[in-house]
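Just dropping this structure here.
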Amino acid sequence: MTSRAARQDISPAGLANDFAATRSLSEALVEPLSEADATLQSMEDASPAKWHLAHTTWFWETFLLRDHLEGYSLFDDNWPFVFNSYYEAEGERIHRFSRGMLSRPTMAEIIDWRAKVDEAMQPLFEREELRPLIELGIAHEQQHQELLLTDIKHALFQNPLGVAMWQEEPKANSNTLEQEWHSHPGGIARIGHQEQGFAFDNEGPDHRVLLEPFELSSSLVTNGEWAEFIADGGYETASLWLSDGWAWVKENGIAAPLYWNGDEAFTHCGSQVWDPNAPVTHISYFEADAFATWAGMRLPTEFEWEAITRGQEGELAAHDPCGGNQLDQAAPPLPVGGEGLFGDCWQFTRSAYLPYPRFQPAEGAVGEYNGKFMSGQFVLKGASCATVRGHSRASYRNFFYPHQRWQFTGLRLARDV
Amino acid sequence: MTSRAARQDISPAGLANDFAATRSLSEALVEPLSEADATLQSMEDASPAKWHLAHTTWFWETFLLRDHLEGYSLFDDNWPFVFNSYYEAEGERIHRFSRGMLSRPTMAEIIDWRAKVDEAMQPLFEREELRPLIELGIAHEQQHQELLLTDIKHALFQNPLGVAMWQEEPKANSNTLEQEWHSHPGGIARIGHQEQGFAFDNEGPDHRVLLEPFELSSSLVTNGEWAEFIADGGYETASLWLSDGWAWVKENGIAAPLYWNGDEAFTHCGSQVWDPNAPVTHISYFEADAFATWAGMRLPTEFEWEAITRGQEGELAAHDPCGGNQLDQAAPPLPVGGEGLFGDCWQFTRSAYLPYPRFQPAEGAVGEYNGKFMSGQFVLKGASCATVRGHSRASYRNFFYPHQRWQFTGLRLARDV
Amino acid sequence: MTSRAARQDISPAGLANDFAATRSLSEALVEPLSEADATLQSMEDASPAKWHLAHTTWFWETFLLRDHLEGYSLFDDNWPFVFNSYYEAEGERIHRFSRGMLSRPTMAEIIDWRAKVDEAMQPLFEREELRPLIELGIAHEQQHQELLLTDIKHALFQNPLGVAMWQEEPKANSNTLEQEWHSHPGGIARIGHQEQGFAFDNEGPDHRVLLEPFELSSSLVTNGEWAEFIADGGYETASLWLSDGWAWVKENGIAAPLYWNGDEAFTHCGSQVWDPNAPVTHISYFEADAFATWAGMRLPTEFEWEAITRGQEGELAAHDPCGGNQLDQAAPPLPVGGEGLFGDCWQFTRSAYLPYPRFQPAEGAVGEYNGKFMSGQFVLKGASCATVRGHSRASYRNFFYPHQRWQFTGLRLARDV
Amino acid sequence: MTSRAARQDISPAGLANDFAATRSLSEALVEPLSEADATLQSMEDASPAKWHLAHTTWFWETFLLRDHLEGYSLFDDNWPFVFNSYYEAEGERIHRFSRGMLSRPTMAEIIDWRAKVDEAMQPLFEREELRPLIELGIAHEQQHQELLLTDIKHALFQNPLGVAMWQEEPKANSNTLEQEWHSHPGGIARIGHQEQGFAFDNEGPDHRVLLEPFELSSSLVTNGEWAEFIADGGYETASLWLSDGWAWVKENGIAAPLYWNGDEAFTHCGSQVWDPNAPVTHISYFEADAFATWAGMRLPTEFEWEAITRGQEGELAAHDPCGGNQLDQAAPPLPVGGEGLFGDCWQFTRSAYLPYPRFQPAEGAVGEYNGKFMSGQFVLKGASCATVRGHSRASYRNFFYPHQRWQFTGLRLARDV
């Protein structure tokens, strides 16, 4: 099973509400998009907005309705071929980079499908044994909401005419945060999902890890600090970079975060002057690591980050520990900076994405959810301004390849004591 | 100047009518397409339908309105960057394979632009000195109508759900044509555009070419004949192929014409059983050449094809020599076969696309129209079911690379006497 | 400094002897090669044999003679450009995949250079402060001896004529080893180089790691077991594979270990029937991981492997703990299997190659030796039949990308208790 | 048959002499090369020197000894797989870009093979019916001598150490030639091989072509003139270039002829100051065409070039019409310029490489010699400083792709009258 422990405290009605809210938010997110916008695929890593709406629906239809609702028949027998993402156990599927060719089905047809699936789902919320799978489906759709936002941002960025998804004024500059440090004395920390409630399979089993004493910055690295890194020749100094990172810089002519163009950066609201006090985002692991080296520090491990977060939970609870600048309605995500450990941007750790001791993926197709990606990627902790509020946890493990940077990715420094 | 000789026999009103009819047909062609369909770009060779509507409008706005209408100001200063195709003299432009990222401007905005440009064009039809340029603009937009149809066919073909642009029943099978031969005694033939009326610069200067005696088939190679070629191992027999062609077959796993799938072929009306008596289409030069070798014959030269066509003009006039199966309204193009030398499909010749003696491209940006493509391509003669009626001429020189086959391309055999 | 602690127990004469033995073995290894053999480069990952002889000499000339021998002038000022491997701090260098174009300098010229450098080195063995750097240089050249052997094997394999480097009879089949398990009760293990003597910087600092109880196989996975994996459809079963691994299998048509061809495998002695009892080699991390999944077990972590090895040191010492089937003369390396934890093949762990807590690379160019490769690679433990005897240690961390398999790489299974 | 008409005037002894001289020159050419030099392959277009020696021997062994000498058995049954170049009818063969991996067989083994084949050939010179095939074999080996020289030049150029094949002083600067024009009145010209003696199949059938009046320059374009083209921004002016040419310039950063480096150019004798009066060489068709456009002229057609050459034969005979700066011993080829139409460099024509009317390739494998390359390439006329003296003819058709420039390629301008 992919969720470590189902929430016992949620009623069928509560579950149905969470489901409805999630389904509804997905559709609200595509409101500002035209049919053509929603069909764009800008690179193999990204998918069209419309495809996200359809794929999440395929997930419900396949793993809940088809597998658990007697007599259910598929809305369209050909759609699994185009809306399965990567589940080998579910058979052949369209090549990943052909998703942008799916001008049909239309958005209206997909919205219609969504409604029918939502309707068909209703009897299932009563069934206790399906609760973990339903919670997984909700978490899955929430993940795709974040991807939908970052993918469409990347797609619109390709258009030289400077298209904005939302028309909003940039927010006023945030205030400078004073740099402080969360200290940890070292010792044995308990890592992984331990509480009641939903978690992905890769967050467990919970286990113990031995830590050395260290400190973790109270604030995220900002755009202003990144500008200093650039001004100091950060992108031209080989000794700051990992070997693969330096090759990536040279081959791709990297000289700034992904969406930067001088003093401006491309956002969901078009090009905007970036705020020097706001957290830097859209950087790769290679860049995060080079910056930390330049700053004479390092990235934290995923264990260090989690240990601090758990230790601070009491204090942070007052500030919405799982909150910060995260998404709770269809609105342009924009990192602004704050005091929480969650929100604004995903934070690279120096931990490779690997299985925890005694990790076992779930049986069946949903077992492909996380485990098969455990090579070549790094763990990111926290949550971003595009993460749905309530989706974040101390044990959450996001993961990306070290060159990827189309997510809201940033960094928080650590240092040995 | 790109047109060798302006038509003296056409009145300003006639020219305005031709213009209006052409502009109107372009828009009618995209009627069946959704905003998303019209934004698709399936490969670097192809462009989105919406882009064709915009690029042709850019052509009018740039070379007529901007250059010749005093006081005209561009509809949008940023659009030339995205809607210039390949005119270096017109400055930097979007990378060719990024046209599919242009979800904006919307179709409505482009249709609006089209209307404004059409309106602004009205005073220019009176100006005698602009007639050649206007005729070029019309011919240019007609070429893009054919490209629009072949590009969208290729784009819809990428969708595994089998999307059709038009819903029509397949036509009844055509009759078998008896194979006959047009004979030519050899000698000096006059080649190139000689008449009054519009022609592209690459069709002249007219000049003399010495021919050996030869015969040209009265009919196009059919699907049925192509099936025999396949059944006889045509795609597995290296000795039939040019060296580059064989490498192309092996590298791409080519085993049939582009849209074939067993007994069916993808059309603008979805997958249809192909007609064994209809001309084969969507083949490359490499395939055409291999077929001719297999048949113990050869492809004609462009000069042979033109010489026969001119010699037959009297006789063929009764059958609409520039007619045949060509487009005159927004309807699904489908090759059916007939007696004319024009129509159904473009016919590969074994002539490389090179300048005629004393050829000089036009001055200025429109000089880039044809001349700069004179390397590596082959000449095709005739016209296809997707060519606008009235756009074809004996001297017309279409040209493609030997591996390309997304156009309605076929072949007509020749043999030495 | 790259060595954690210089050996206090070695005299200047002893160091000079080690140096001489190493230099001499390098040259003995290329004895069977022609000038052309020694110039071959079969892929970007590999280098020509002659280049290894030269690059190791460049290392001595640069970091010892140039930096520490007053008045030394370079043998040839242009050679650093072609014989620097990847040291950014040492300036521009030839593109990695152009090393195979270096038909000159000739082998004779390089041997001559080697002799001159060896001669010039003599006064430096007395200098205590250079001992760590000299030990690093010896270890460096020993690493290149292994690479030289695996690179030339790969190069000769490209020749369809089946070239052998050595002419030897295959060894008799080894005996079946009974499968046993080394048990570990879990708890805190001390990891990293702790003893006196040389180690690379990446082996430290030594630190504590918390382990769960586990067992490690006493024997390596054999060719015979691998054949069962193949027979059971291992290479066709997506569910056994990491996602990146499955893509690699499909894209490259992987269906067996690198050098296998039916019942035979390519060796330094040409194609030979593989021994079912000998350890399987030349597999990638992806393959090792898939095999372990198929076997219902897993790969060990680097920490587990090291913990067992340290625990067994007393017992294993009798059997030459750092010995096994390793290289001590110029002879064809061939894995045969044995009881030791070292030798035969490098063993993939499921640990990513990352810095140990408080790791700091050395100052200067030699600081590029290990640290900058800490992304995307996995740690391998042990040693192989192509590792020079005496070069192995429990703390040794070899590292390769998960798709690479031209080294003598294999696996040893682990399981949870 | 590949030779249009065998030479009646040559005795068996004469033929044997030609054979021996050709075989001997091939071996003399590799004299200055080491075993490693002779194994280098720098790109897919080129082959190792050793491979040329072997492939030409394979040609004799296959098409003469195997097919026509009763009882002959192959020297090594595995060698055809590695030394067949592109003859599909002769079966599978090593991938073209793997020839550089053939460190074995050794040069000595190939020289030994050559001797044995030469010996076995002796009885065949008496056989009249084999004369055309033997003449083809000689011409074939002569073509490979030129390729051997241009391929090794390209390979040695990859070595940043500046390796020279021969140690010679650069020749004194040649004198400026006054620009004159060969005039042709137009009319019907007889084209193709008409005389007695050997010619390749692609040089016939001879036929008539109608020409317009034109003039052909008496001299080749020089390095000095090319420097003016560069100084005038030739490589930065899009309007001078064919579309494919401009894309090639941009993609490859082309800014000068292949081997130029400022005032020097790489030669078989290492880097030398180029002579402003010597013909420019190592340019592509794209560059030749752009230069001609810049100069306000054009390249000749292959027919124009041949017509002038034939018309001038009487006059030129005194100057060795088939002579000029061509190879007759193993010596560094270097273009110096002269008055002949042949020699110094191959001259690009604007004619695509296509079959002459009624062209039929020879039966069997040798029919693959020329005909299958008739797409995408351009015809070059004349001969170069690396062409063996006696190998040139007015009807000779050399051919290369428009981007290739590792041959001694240059240009001679033409203009309309």
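Per-chain residue numbering starts at 1, and chain names A, B, C and D are given in the order in which the chains are listed.
Please note the rule applied: contacts are C-beta pairs under 8 Å (C-beta built on N, C-alpha and C of every residue); 3 or more make two chains touch, one makes a residue touch a chain.
These figures come from a predicted structure and were not determined experimentally.
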### Query
So which chain is the furthest away from chain B, centre to centre on CA atoms?
C
### Between chain D and chain C, distance of the C-alpha-averaged centres to the nearest whole Å
47
#### Entry: Separation of mean Cα positions, chain D and chain B [Å, integer]
38
### Query
For chain C, which residues are shared contacts with two or more other chains?
none
### Message
Chain contact topology under the given definition, line, ring, star, complete or other?
### Response
ring
### Query
Which chains touch, pair by pair?
A-B, A-C, B-D, C-D
### Query
Which positions of chain B touch chain D when the two form their complex?
86, 88-89, 188, 207-210, 212, 238-239, 241-246, 285-286, 289, 350-352, 354-355, 357-358, 368, 372-376, 378, 402, 416
### Task
Using the touch definition up top, name the residues of chain C that touch chain D in the complex.
34-40, 42, 50, 78-79, 81-82, 94, 98, 100-106, 155-156, 158-161, 163
